[in-house]
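Take a look at the structure set out below.
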Amino acid sequence: MPVVLFHQTLTRGDEMSINIEQTRSLVARALEDLAAKRDDLNELDRGLGDGDHGTTIARGAKAATDALREANLGSVNEVFTLTGRAMMRSMGGASGVLFGVFFQGAKACAASPVLDTRTLHAFLKSGLEALKQKTKAEPGDKTMLDAVVPAITALEQANQASATLGTALEQTAAAAERGARSTAGLLPRFGRARTLGERAAAVQDPGATSVSVFLRGLADHLPEG
Amino acid sequence: MPVVLFHQTLTRGDEMSINIEQTRSLVARALEDLAAKRDDLNELDRGLGDGDHGTTIARGAKAATDALREANLGSVNEVFTLTGRAMMRSMGGASGVLFGVFFQGAKACAASPVLDTRTLHAFLKSGLEALKQKTKAEPGDKTMLDAVVPAITALEQANQASATLGTALEQTAAAAERGARSTAGLLPRFGRARTLGERAAAVQDPGATSVSVFLRGLADHLPEG
Amino acid sequence: MRYFTHDPESAVEHALAGLLGFTGVSLQRVGTHLAVVYPENGNRKVKVVVGGGSGHEPLFLGIAGPGLADGAVAGQVFAAPSPDAIYAVIEAVHADEGVVLVYGNYSGDVLNFGVAADDAKANGLQVAEVRVHDDIASAEISRLEDRRGIAGDIFVIKAISAAADLGMSFRDVVRVGEKTNFQTRSLGVASRAATAIDTGQPMFELPEGEIEIGMGLHGEMGVRRSAYQPAEVLVPQMMEMLVADFEQTKLPLARAAVMINGLGSTTVLELLAISGHVRKFLDLHSVPVAYQAAGQFATSLDMAGFSITISGLDDELEPLLAAPCQSFCFTRP
Amino acid sequence: MRYFTHDPESAVEHALAGLLGFTGVSLQRVGTHLAVVYPENGNRKVKVVVGGGSGHEPLFLGIAGPGLADGAVAGQVFAAPSPDAIYAVIEAVHADEGVVLVYGNYSGDVLNFGVAADDAKANGLQVAEVRVHDDIASAEISRLEDRRGIAGDIFVIKAISAAADLGMSFRDVVRVGEKTNFQTRSLGVASRAATAIDTGQPMFELPEGEIEIGMGLHGEMGVRRSAYQPAEVLVPQMMEMLVADFEQTKLPLARAAVMINGLGSTTVLELLAISGHVRKFLDLHSVPVAYQAAGQFATSLDMAGFSITISGLDDELEPLLAAPCQSFCFTRP
């Protein structure tokens, strides 16, 4: 079983693709960033739901990094599907299934030995399709979709422009962050927050925030080519 | 049924005795003083017991004044026995029985149409004997006995000195007050406070305080002769 | 306030150990999941599996037993259980004809039970879902199916289980479940938020002198605030709202089962007093009460508050709710 | 915290109305007293009357029923009932052979039940008193009879009532009661005082990060303070103290009945976890457990805390504790 250095220092480059091991490290580091936001995410969920989104997502992130550390991986797809499966198994709550199916979108895509802008776009787009099977929420409803949908639009544009993975991730993360921020002020229409109406308007959606934190982590930790 | 003026203005005199109606008014007014100390007595009991002595004694005082208001009285003894019975019936708690039997001591004494130093001494002394059947507590154990016993000693001396009722009541009340104050600093050995030891030492015993408040009320409201 | 335990995940694990140690109803754990089965409800062709987040004890794990659920599965505190755990229980109850999943209508539960149900169906099992939606404060009557589930879970689980005990078909058990679900309405109030188990902080801020109406069971805020009222004023108001809700579905209350549920810190003294006020209201309105209970059945950690649940009964439901049952959560000898 | 009711006296009156409205065990009120009788325990020559202050719900009024008390009488919140009320219940249970009074060993209860017992004896009735003294924190073992009664009340009432159901003589019922009393030991801890119902203020101050050990059931302080410990550390310490207490009376625990009692605000999640820790300790010490339950049985309004009660069983007591019984407070189907 390969030894993986989880905390090696990586700096962003302008390479076109990374291999399986690099993808494993990259996703693991982004998940660690997510887990580190535990208390902030709980605080957002206190205003909007039951105050546990940080705890839940941190549990999922930990389960996923544990699973990634031990897995024998045959494709980059598996990095994502394993992550999704571990999250779905360990998290529970609304976000467990939603993050779970989103990451497992990679299962429906052709197996690839490298992660590049095209494969990443395919994975996440397939993940969004799976998400849509699970929820009728659309952008503007103050859910994680408010981050996911603009992120994938940005990724699609980057892909069409044949952008490097670094550039694509940067644009994707920025779009997700904008999307997450846009949820502050929106009226909630799905999930626990639904019944709160105006009382929950001011708060930024925790699920959308998690999506943006994860994608920002991918952009930040991409290794040099 | 006689009409009783509960709130008529009475001032202390140096008469030797009062009649049944005057005794009824006097005891009722002392009971009202006791009920008015509800919150203070609760506060003392919070430090030493379960915080309800004021509520309990106020309930008893109210029941007793109600009973006194309606009763046909044939002797001054009945003012005391009625009060005791009403308290025992309505209060519950440790103090219900203790105040109940103390006031009902008058039952064992010869019926009298007037209250004077001698009859009052006989009633309360008989009440103390009844109390001793109910508790092994002695002065120094931080209970109502710390007020009752010195009060009766003072009353006995006043009786031997053939003091007027006014003088006797003044001396009795003063002794009860000293006795109640002396309980601050004592270690509790009876009642709920028993298990608290040092933690309850500083507080003045609520039951002893009630006794002194009642006796002070009798002294203060004694009508002019 | 400080809990006697700080780590939510180990707390739930320890609680399950505690439940398994009780004498009386003998439960079996399902693998390493936070899940139990009671395998002795022998007469049933259709099995009943229930679940939801932890923090609602004695629900959900505590409601498996004779005359009640065959399987129960919990998530972490206030998180729905995962599809894997739910699926493991669906398998573990070994149903001849099918499995009915009963859970409160919250996104998390809908999503996780939904995935498990899909997996089970893909493996050839017959599965139906009853999403309890008794909380009248959580949505208008026109959006009945958007309403959340609170303590009404218990009446729905009770009726469905008793139907299964009669040996009813899958179709009929589900029909009974949906009927009870439709006829069960609840309303809750809180005077203090639950304390988060890990931080020790209140889950929402409720100013002194205000009460929260229609809070969910998961520590989340209610739908609106109101000034404090003592129970003798508040309860009749709540009862008016409940009765009006029945009338809006052209379902005047003819006979009722009533449950007063404590949410965590509300004293049993208060629950009894509230129960008295509820009964007085129903007596005044000439609604016969076939069943009335008060206690802690579906809590929200240590939230201070209570809910009133009313089930409208007919000749089919009354004996189902009356049938004997036993569990840590709910017993009818 | 604010109660949903402010006036303690009307709260107790309303609570009694609530209790009388429950379906299941059908109780009758005794006159205008805060007292009930369950008249259907037909086989008994000896009747069992229990009581104490209010604020401990579901005790005391809630423990009348089949296999349990024949009569129950309450005082106001935290005040023992008056002799009149107690006497009225002694009369109302219509005993052929005698009445056993069971109550917790507190001055107020001893005094009031004592007066009622004297009155009853003066009227030719046979009456005995069992003063439950299970709280090991409240006095040294050498002063066993000075100890207070807390949740152990329930095991003593249960055993005595089952003995009466067997048609035992007065003498034997009392003997069973005293034996169970002697074999029943409890220890409680609190992490927050009860809130006084009238003022809304805590009944004693407990600094954050401290716990109170051995508090009484009436909102009074415990016997000492200690630093906060989580349940997994605290429970084994408490169990050591309980086991050592049994050993001091040359009564090593051979078989046990166990009750984890919530005092008001402690969550059912915690009570379950505590129950798991208790069982783990007993398993490690090879003490077989014949009965184990957790819940709110004898509360102290909304105090945060719990008590552990252990009864040492022998061949006589075990079936008595196991016999079926039903009441609002305690049910064994």
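Each chain gets a letter, A, B, C and D, in the order it is written, and its residues are counted from 1.
Everything below uses one rule, namely that contacts are C-beta pairs under 8 Å (C-beta built on N, C-alpha and C of every residue); 3 or more make two chains touch, one makes a residue touch a chain.
Remember, predicted model here, so these are calculated numbers, not experimental data.
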Handout entry: Third chains touching both chain D and chain C
Key = none
Completion exercise
Taking each chain's centre as the mean of its CA atoms, chain A sits from chain C at a distance in Å of 33
Exercise for the section: Provide the C-alpha centroid distance between chain A and chain B, rounded to the nearest whole angstrom. Expected result: 77
Problem - Between chain D and chain A, distance of the C-alpha-averaged centres to the nearest whole Å - result: 55
Practice task
Enumerate the residues of chain C that touch no fewer than two other chains.
Solution key: 77
Exercise for the section: Could you list which residues of chain B touch at least two other chains? Expected result: none
Practice task
Please categorise the chain-chain contact pattern as a line, ring, star, complete graph or other.
Solution key: line
Practice task
Could you please write down every pair of chains that are in touch?
Solution key: A-C, B-D, C-D
Completion exercise
Note: in the complex, chain B contacts chain D through residues 42, 46, 49-52, 55-56, 59, 88-98, 134-135, 190-197, 199
Problem - For the chain C and chain A complex, residues of the former touching the latter - result: 8-9, 53, 75-85, 106-108, 111-112, 114-115, 137-139, 146, 148, 196, 198-199, 203-204, 214, 216, 218-221, 223
Fill in the blank from the handout: Residue set of chain D touching chain C in the complex reads 1-6, 11-12, 14-24, 54-55, 57-58, 62, 77, 191-192, 197, 208-209, 228, 230-232, 234, 260, 264-277, 279-280, 289-296, 299, 301-302, 304, 306, 324, 326, 331-333
